[in-house]
Amino acid sequence: MKKVEYYSMLLLLLMLIGWELIAGPMSELVLPAPAAVFIELWNGLSSGYFLPHILRTITEIVLGLSIGCTMGFILGVLMGEIDFLRKLLFPYVIASQAVPKLALAPLFILWFGFGMTSKVVITALICFFPLLENTLTAIQYTDPNKKDLFYILGATRLQTLIHLKIPAGLPAILAGFRVSVVLAVVGAVVGEFIGGSEGLGALIIASQGMMDTPLMFAVLILLTLMGMLLYLGVNLIEGLFLKTYMKGRNK
Amino acid sequence: MKKVEYYSMLLLLLMLIGWELIAGPMSELVLPAPAAVFIELWNGLSSGYFLPHILRTITEIVLGLSIGCTMGFILGVLMGEIDFLRKLLFPYVIASQAVPKLALAPLFILWFGFGMTSKVVITALICFFPLLENTLTAIQYTDPNKKDLFYILGATRLQTLIHLKIPAGLPAILAGFRVSVVLAVVGAVVGEFIGGSEGLGALIIASQGMMDTPLMFAVLILLTLMGMLLYLGVNLIEGLFLKTYMKGRNK
Amino acid sequence: AKDKDAAGSKQIEEVKVASWSQPITEQTNLLAGEEKSFYKENGIKVNFIPGAGGGDAIKNILTGAADIAFTDPGSLYFALDKGEKLRVIYNIYPQNVFNVVSLTEKNITKPEDLKGKKIGVYSHSSGTRQNLLLLLHQAGLSEKDVTIVETGLLNFAPLMQGQVDATAATDTGLETGKQKGLSDVNVIEVKDYLNIPSDVFVVTEKTYQEKKDLLISFLKGYQQSAQWMIDNPQEAASLAVKLAIDGKDVNSNLKIIDLRNSSSLSSDPKDKTLGALDPEVLQKGADIYQGLGLIENKLDMPQAVIQDLIPKK
Amino acid sequence: MGFLTLDHIYYSYPGQGSTVKDVTWQIEEGEFHCLLGKSGCGKTTLLKLAAGLLKPDKGKVYWQEVEVSKPSSQVGYVFQSPTLLEWKTVFDNILLPISLKRKPNSRELDYGETLLELMGIISQKDKYPTELSGGQQSRVAIARSLIQRPSMLFLDEPFAAVDAITREELQDDLLKLCQLQKTTVIFITHDITEAVYLSDHVAIMSGGQIVHDYKVNLPQERGFKMRYDTYFNELCLKIRQSFSGVSS
Amino acid sequence: MGFLTLDHIYYSYPGQGSTVKDVTWQIEEGEFHCLLGKSGCGKTTLLKLAAGLLKPDKGKVYWQEVEVSKPSSQVGYVFQSPTLLEWKTVFDNILLPISLKRKPNSRELDYGETLLELMGIISQKDKYPTELSGGQQSRVAIARSLIQRPSMLFLDEPFAAVDAITREELQDDLLKLCQLQKTTVIFITHDITEAVYLSDHVAIMSGGQIVHDYKVNLPQERGFKMRYDTYFNELCLKIRQSFSGVSS
């Protein structure tokens, strides 16, 4: 434990030194030195300048994630259970992913307005796929012996799902959730690229417009921290709430 | 089989009719009617106008995917095997995902040139995470009895990995691969947004500049088709090459 | 054959030009290096580096990825404000091409009418926004008097759908919009209120000092190419089909090229030299940017402007 | 017609020859049938067919004169491998058949504990399956199959992983329980003594067919001494011989 | 010191009382030891400790005078559950111990087939484990443990899922093989007759301890008639009684 933290610090230090070395001869407009970025970060945080943007982006992430993951999970379950649905819907699922959301900005604005809704929708769209795919796969690879057991117990499809397929697939489903959670951060930011005046994505655009690169990097660091917290959050949930589900499985 | 295809057609038809109905009263600028889009698509394909862009984007996807997935798989294996590495590297992995690539455009151009390399790097960066996360998880949840078996057989860590953990985790790893493959399409397009003069992403930007929405939608359809082909490709690989690995598992 | 001789006798040098955009129709003269001989004759070869915004162009010269930036004055001001040592060497479009477009029924004919209105811009980092602010400033209004929303590149769509009252655009954007069915609009042209250039060539101090000859050759070539495009819009329009990513249709290309040709000409009747720079106007622009709070420092534009590289007829 | 009737049943796994061939078998209510046979002869397959887990290729399975289409909840089944849910405790595993449908009531909870006690694993109640020994796991599976007091029990080598002493205790417990509840049982075992001790009928399977079906004429009430009874031992020997006779 | 020595071994699973308590056990080269005991008494745990799969909390395990730290490839182990790789054919599963390290040569391939034949599952050679019956699966696991001609064998109820006849055949085959190769064996079983028939020593385990260790004085060459020998049956009875005696 201690050792990891020690090396972690060391690596961070090395990265910072590397960054400093690369940034040194470079214009601040392209790659600001770490010091400049951290000053910007500190100023922005202590003055409260970042706060509304952070809150806005977090709200979008939380909403988008809830909607996206609920949808992804439900669709994943349905498509995993019903072959017909999987074959029917998969082209549309792929379409929703392969199409760059940035390109559809005008449609999103038209349908969901300039406000938060369009960003939430984009976040949801981006983060629903990894969960869907992992749920779908997890549901399909259930131990056939256990399926026999549930069959003989006269379990309905729903009961088999809830008491067998989902808990048995939980590790894979949670892996999908971890991917989703990190993508949600990108999703919200991309959504804010399109037409936002608040949020960290909007701040990136604004900082680019003013060529305030230290500000932009400060925002990027904030985003990374958010992503890390969310990821750790999922691990925490996995560790705490699902302890019983995880018990009796290795690691 | 037949039935699915029938309903699939029906659904497609319904979608097209819905699209037509929504697009009807709307300006072509916002949402072009399907007919206009398909004419554009047909013209672009038959005149060869799309060809270089398609080839360019496919090349980027293939290269980015190969690099990204190789990296994701190897890192996933390493981080799954070595606790220390996982804890050490995970912040940087999250950073690489949570930071919007669009924001770092000048750095990518500086380091990788404005040619294909920077797009390939972005594609690789985007698609390596789902595979990493799924591999990492799959590797960690290996049946402890089988691990005991390999231990008693005196298998080295590498042997256990190759002969047990990876084949046993294959379904989950492939689920990650399917997500990666679809994200790779978005990755290449986003890379081309940064400042490309060729490729479907560049074409999207150009079509927006020309306010040629039918063209843009034609490109989006091409991207969707690409995503679908790639996804089906993975399923094909799963079905063909890994038949033996998949045998004896359900579904 | 003559071209080939000229090229063969001299050493061909590469000039990397970082643009604010992809290779687009309005820049056909810059892109036509293979097809036409303007650059070859001057012993250079243009390597076009695409970008997404004027900021990219400047960053690309700062990193050394390019020699010359094809960028807007706004981006120049921002970079100078951050302490970068940059030189403006050529006035690509002396005319301000930005405008504010509204449907006739809204009755918006002058900047004052924009008060309280919802106005679309491409994005918060775009020239449409900066020029809208300039225009508002000229009318004594500020950002707080209006609602600015981002609409993306398809900015006329929300205008036609009635989601915004007006939208900030460029002349070429408006032209494209008209081709797509936009009609009955009032246009407020920013140049009628503040005619700062739309685009200029910018280099770093270092490049200026070390590659002066190369820059002179390039500017010669560019000036010739601009003159060629003014003289042969039709030829340029057909070349654009091949060279520009958005040059699908010759007729629209022609319209765009006509617009760019007219914005390439100075409105000053005395100075008909293509590329002539007016430090005064640039200074005025910088001062307004400062007044708007977009930049912090007072810039000394005459010091940044280099006029003696521009080829004289 | 019987309580459970297999009528000219055929079954083959995909891409393989017939595993079960033309089996006709009639089981009356309350009877205890044992199924013996060499490893791989098709016992498990036949049991799954009888329970409705596999669909015969040819022939029909009737349950109380109705053709079996889906399993009823009146059936208990012990698989050859314990098949427990690793994420549930032993007690929750046992209650699974009930908790699938509703919250178990206190009577059912009590019965669960009683069964655990009978199986000798009450002290493992709150452990997880992976924390149990092999024999303990099989006993959890047996308790689970009994929790709903099924009228029909299918047991596939339930005592294989249990030691001789515990096994005899479990045999007696199972018999008592089945007689009390008039449970009809099909029981697969490799132990001839066990088969004779437990059952009313011993069927011998070979090559996918039932080749012998012995009636066991012993008093309902079994007891330890019965194992030393002459009839008992002669029957065992007879079965053993017929068994060897059909060995391939 | 013996071939394999357990020296005052203690083991407890996390959060539980001692499962193995102060076990000292000495096994000489070429000996065949059987381990008997009630289900859950700690046999599997002890076997895993002896094989180096678990590390004792206290005490040491020596293998040829060296403290065991990691398993050597000279060891064969049959787990209580078959533990086969579902994505490999039966034959590939059997060859796994070799193919882990290198491509099996033709001699090894032949030996694999010989073992399959001995186990009576040569016809299942190219099937996948999920396509096998329970008893067939255990026999694959046994064949796998023998493929490397190990000098030490750990068998955890290997014949539990196999019918009486096949079991006797396998017992004889195993004995022959072990005598031929001078294999040292620890064999867990629930079948007292089997234990006496196979082994030189029968250890009785109870509550985590070895409570008895009987020497079996039968000629090296075992045979079918031996099972009807008086000494044989008396020993069985004695073991059975000592067994019941320690029942809790």
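Should a chain be cited, it is by its letter among A, B, C, D and E, assigned in written order, with residues numbered from 1 in that chain.
As a convention for this text, a residue touches a chain if its C-beta (ideal position, glycine included) is under 8 Å from a C-beta of that chain, and two chains touch if they have at least 3 such contacts.
Remember, predicted model here, so these are calculated numbers, not experimental data.
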* To do: Give the chains in contact with both subunit D and subunit E, ordered by label.
  => none
* Find out how few touching-chain steps suffice to connect subunit C with subunit D. => 2
* Structure fact -> Sorting chain pairs by contact number gives first A-B
* Asked: From subunit D, which chain is the farthest off, judged by mean CA positions?
  -> C
* Asked: How many angstrom between the C-alpha centroids of subunit D and subunit B?
  -> 50
* Asked: Approximately how many whole Å separate the CA-defined centres of subunit C and subunit E?
  -> 84
* Asked: Centre to centre, by mean C-alpha position, how many angstrom separate subunit A and subunit B?
  -> 16
* Once you find the CA centre of subunit B and the CA centre of subunit E, what distance in Å lies between them? -> 50
* To do: Could you tell me which residues belong to subunit C and also touch two or more other chains?
  => 59, 63, 152, 154, 157, 161
* If you look at subunit B, which of its residues touch at least two other chains? -> 29-30, 106, 110, 144, 193, 208, 249
* **Sites on subunit D at which at least two other chains make contact** => 81, 130-131
* To do: Let me know each pair of chains that touch one another.
  => A-B, A-C, A-D, B-C, B-E, D-E
* Which residues of subunit D touch subunit A in their complex? -> 48, 51-53, 70-73, 75, 77, 79, 81, 83, 85-87, 96-97, 100-101, 128-131
* For subunit A, which residues count as touching subunit D in their complex? -> 145-146, 148-155, 159, 163-164, 167-168, 170, 244-249
* Asked: Given the complex with subunit C, which residues does subunit A contribute to the contact?
  -> 26-30, 105-106, 109-110, 114, 193-197, 202, 205-206, 208-212
* Which of the residues in subunit A end up touching subunit B in this complex? -> 3-4, 7-8, 11, 15, 30-31, 83-84, 87-88, 90-92, 94-95, 97-100, 102-104, 106-107, 110, 129-130, 133-134, 136-138, 140-144, 147, 171-172, 174-176, 178-179, 182-183, 185-186, 189-190, 193, 201, 204, 208, 216, 220, 223-224, 226-228, 231, 249-251
* **In the complex, subunit E residues that touch subunit D** => 13, 16, 36-40, 43-44, 80-81, 120-121, 124, 131-136, 139, 156-157, 160-167, 190-192, 240, 243-244, 247
